[in-house]
Amino acid sequence: MNELSGINQNAKSKIIVRGLNTYFNGFHALKDVNIEIPANAITVLIGPSGCGKSTFLKTLNRMNELEPGCRTTGTVILDGIDIFHGIDAVELRKKVGMVFQKPNPFPMSIYDNVAYGPKIHGIRKKTILEKIVEESLRKAALWNEVKDRLKKSAESLSGGQQQRLCIARALAVKPEVLLMDEPTSSLDPVSTEKIEQLCSSLKKEYTIIITTHNIQQAVRISDSAAFFLNGTIIDSGLPEKILRYPKDRRIRSFVSVI
Amino acid sequence: MFQKHVNKGNSSYKQIRSYNNLGLLKSLRSVEHAVIAGIYMKGWDRLLTRITSRKWERAAEVIFLLSALISVFSLAAITVYLFARGFPAIRKIGVINFMFGMQWNPAADNPSYGIFPMIYASAAGTAGAVFLSVPAGLSSAVLLAAVAPSSLAKFIRPCIDLLSGIPSVVYGYFGLTVIVPLISEYLGGPGNSLLAVIILLAVMILPTIIKISENSLRAVPVEIIQGSYALGATKIETVFKVMIPAAGPGILLSIVLGIGRAVGETMAVILVCGNAVQIPRSVLDMVRPMTANIALEMSYADPFHERVLFGTGIVLFMFISALNVVINVLSAHITGQKVSPHSKRVAKPAEIKNVQRNLPNNFLS
Amino acid sequence: MPYWRKYRDYTIKTIVWIFALAALGFLFWILSDLVVKGLPNITLDFITGEYNEYKGINGIAPMIVTTIWIISVTLIVSGLIGVFAAIYLAEYSRPGPIVRFIRFALDNLAGIPSIIYGLFGYVFFKNMMKLGFSILSASLTLTIMVLPFIIGSTENALREVNRLYRDGSLALGATKLHTVMNIILPCAAPRIITTMLLTVGRIAGETAAVYFTAGTVYRYPEGIMSSGRTLSVHIYMLAKETGRRGETYASALLLVIFISLIHFIVNAALRAINAKRI
């Protein structure tokens, strides 16, 4: 842990990122990113598309490594552990769950979708699995809608329900951090509102990081925000401060355009 | 499959259901669901949690790699065994005497092993088959891709698949009992002849030519086609002046693949060729292609004779390998082509290559 | 439009139709010939009886059994190897010399005529490995022959599985192997099964490679090591003799019916799968 001694872990920070650089086959996607993500809060990463916010999100659970030609330098510390050297990628992904832009339930039943995670991590007892499934679906505010048709195909759900199912599926492996990559961008306003409410209720137990390009949404739900542009964070802090009254000219133009 | 996305999914699903009202389709879809569900049954994933523990991860990758390498080993083994068996015999006879010798008389006291008449027969049979098959095949491809109403095309396509699925020995028997007597009756001669070989091979390579040409014609970007219409060209003019030139490499590929199949064809040819080793003076004379020679004499060949037959196999193999080089160059060219995402019912380049590699019955000789 | 252009279009269109109809006509000619001459000779005794040219019994049951044996053994061996190899190519491989080698080998194997496979099986499996004329020799030879088709087609099926499922599974902390076995393979299963069906058709129709490796003995096979005569080899053996038209036609018709059935099922299945994918 010598290399980390220079970084003081703030009691309230869940994740500390220092000097993070990511390259794809020579393309410099993230340039010297530094940020602290507060625990039990919603952090919103905002910026135009292609600015690197999704890449950054995928660095946090090391999903980028699956892309050919990806190279990462720098340090990301989660609860005092260096995620690149101190933990195995599969272990890390168990701790850091992820929800994708497009709802991607597996082509199986609702029950199997939620039970998939616990099962692969070795839980085989049916009673325990059932408990986890119910608990996760309750947390994702989906239990009342699907409790009678757990054996039905997940593809029969509506888009918003599918996205909440994906959240339940991520919760079922009991993560500490939840990454959400534009979780509402393919949903209608009503479903979006439900997901937003859900996020606010989940932050008591989880540290949530959401990317979005919707300023209103960012202001509505976030406790802290960071603005990405061309692979770097150009401002971060309280969402009110950086989005309502932006100091930076570039943020101001983005906010006014939207 | 399953790329249906939720938001759009439901409506397009309904559309398809109204489109295909076949009960069979529905039941097949439920079979498909059952298959997935069956595979994801409790027993299977319980077994897998045990097997897919972390220490198996590496072992599995090695097993997958070894399975993939079996193809490499097989190709190497085939090449090595063929050459190890056949080449010493060719050396002993002399390459020139072997390839260009006119006499094939392995049973004589002073045996001679010249296979030129067989090389000639293989080449003549293939050339004739291509000559007959290309116009018919290309016409059928044009018909399917542009001229025929789509309901008719939907009926014809499975028929062509079926044509490619008929085993070559069945073609051979049909040739023997129907085509050979017809030739003998109307054109004279024994009937077993180069002509019978040509007709049979032409029919057998038709599906290859039709399928791959049709796919290439479909892959022509719709912008080019519309551009031609916009200039006032008729449909037929567009097909012949724009689509066929644009699909050129694919059509060429289909012909080369057809050649490969015709050269390697054995069982159909054996039954109709007459098996006389001679340079035919007309298409009504009997011939014996290389493949027929191997299959006919293998069962009673003495050791040296057997090695010479492997030598015949080497000549065949070299020819096919040369064709493969051409095929790979052509399909690399096709795969490299850009296909417009806007074109309607595009066969992706990958699909064309796939058809090439996976054509059912590609070597059902 | 000048009248000659209309006239020319019309002529070319007619020629295209004539050629295409000729091609199709040939198919129907073959099929009708088979049905007319074969159907009257298909009887229960014919299908269930044994064959002995000296006793004058003309059944094909032993040939059907041998064919089924060879299909099953080949399918098990080639299915396992083929699917594993396809998993490697679709999920594990990184661009490099190894993958180039594999693809080169597959492309070349796909073009080799079956008579060459027969020769190879004859020297390698029958003589070198001392398997003799047997179902095992034939099945191993056929395995190499059908591998390029199985691998190519399965690899495509695996690649067509939605990427989002893969990411979703990996993000839950599943290992690659787990994702492949639990998500990707089940999703690709319908396509893989149609591939296997087509392979069955191909094996059933194969003659040259089997003739050199399984032999031509017309008795019931006792196991994987006994030699036997498949239906297609039987047709070839009968075709060489005269005076056996009826049974040859009947055997050929049965084989073609079997293969057509497979094609029909595969076509319907692929249509259902594609309809779902749109």
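The first chain written gets the first letter, and so on, giving A, B and C; residue counts start at 1 in each chain.
Criterion: a contact is a pair of C-beta atoms (placed from the backbone, for glycine too) under 8 Å apart; a residue touches a chain by one contact, two chains touch by 3 or more.
Source: prediction; values computed, not measured.
Two chains share more touching C-beta pairs than any other pair, namely B-C. Greatest Cα centroid separation from chain B: this falls to A. Look at where the CA atoms of chain B average out and do the same for chain C: the two points lie 13 Å apart.
Distance between chain A and chain C, defined via averaged C-alpha coordinates, is recorded as 48 Å.
Chain A and chain B have Cα centroids lying 50 Å from one another.
Chain contacts: chain A has residues 90, 102, 107, 120 touching two or more partner chains.
In chain C, the residues touching two or more other chains are 162, 165, 175, 178, 182, 186-187.
Across the assembly, chain B contributes 2, 4, 36, 40, 45, 52, 54 as residues in contact with two or more other chains. Across the complex, chain A meets chain C through its residues 61, 63, 66, 68, 90-94, 97-98, 100, 102, 104-107, 116-117, 120-121, 166, 169-170, 173.
Looking at the complex, you find that chain C touches chain A at residues 94-95, 162, 164-165, 167-175, 178, 182-183, 186-187.
Taken in their complex, chain C has these residues touching chain B: 1, 5-6, 8-9, 12-13, 15-20, 22-24, 26-27, 29-30, 33-34, 37, 80-82, 84-85, 87-89, 91-93, 98, 101-102, 105-120, 122-124, 128, 144-145, 147-149, 151-153, 156, 160-162, 165, 175-178, 181-182, 185-191, 193, 198, 201-202, 204-208, 211-212, 232-233, 235-236, 239-240, 245, 248-249, 252, 255-256, 259-260, 262-264, 267-269, 271-273, 275-278. Per the touch definition, chain B reaches chain C in the complex via residues 1-4, 12-13, 16, 19-20, 24-25, 28-29, 31-32, 35-36, 39-40, 45, 48, 51-52, 54, 56-57, 60-61, 63-65, 67-72, 74-78, 81-82, 85, 135-137, 139-140, 142-144, 147-148, 156, 158-163, 165-174, 176-178, 203, 206, 210, 232, 234-237, 240, 260-261, 263-267, 271, 291, 294-295, 298, 309-310, 313, 316-317, 320-321, 323-324, 327-328, 350, 354, 357-358, 360-365.
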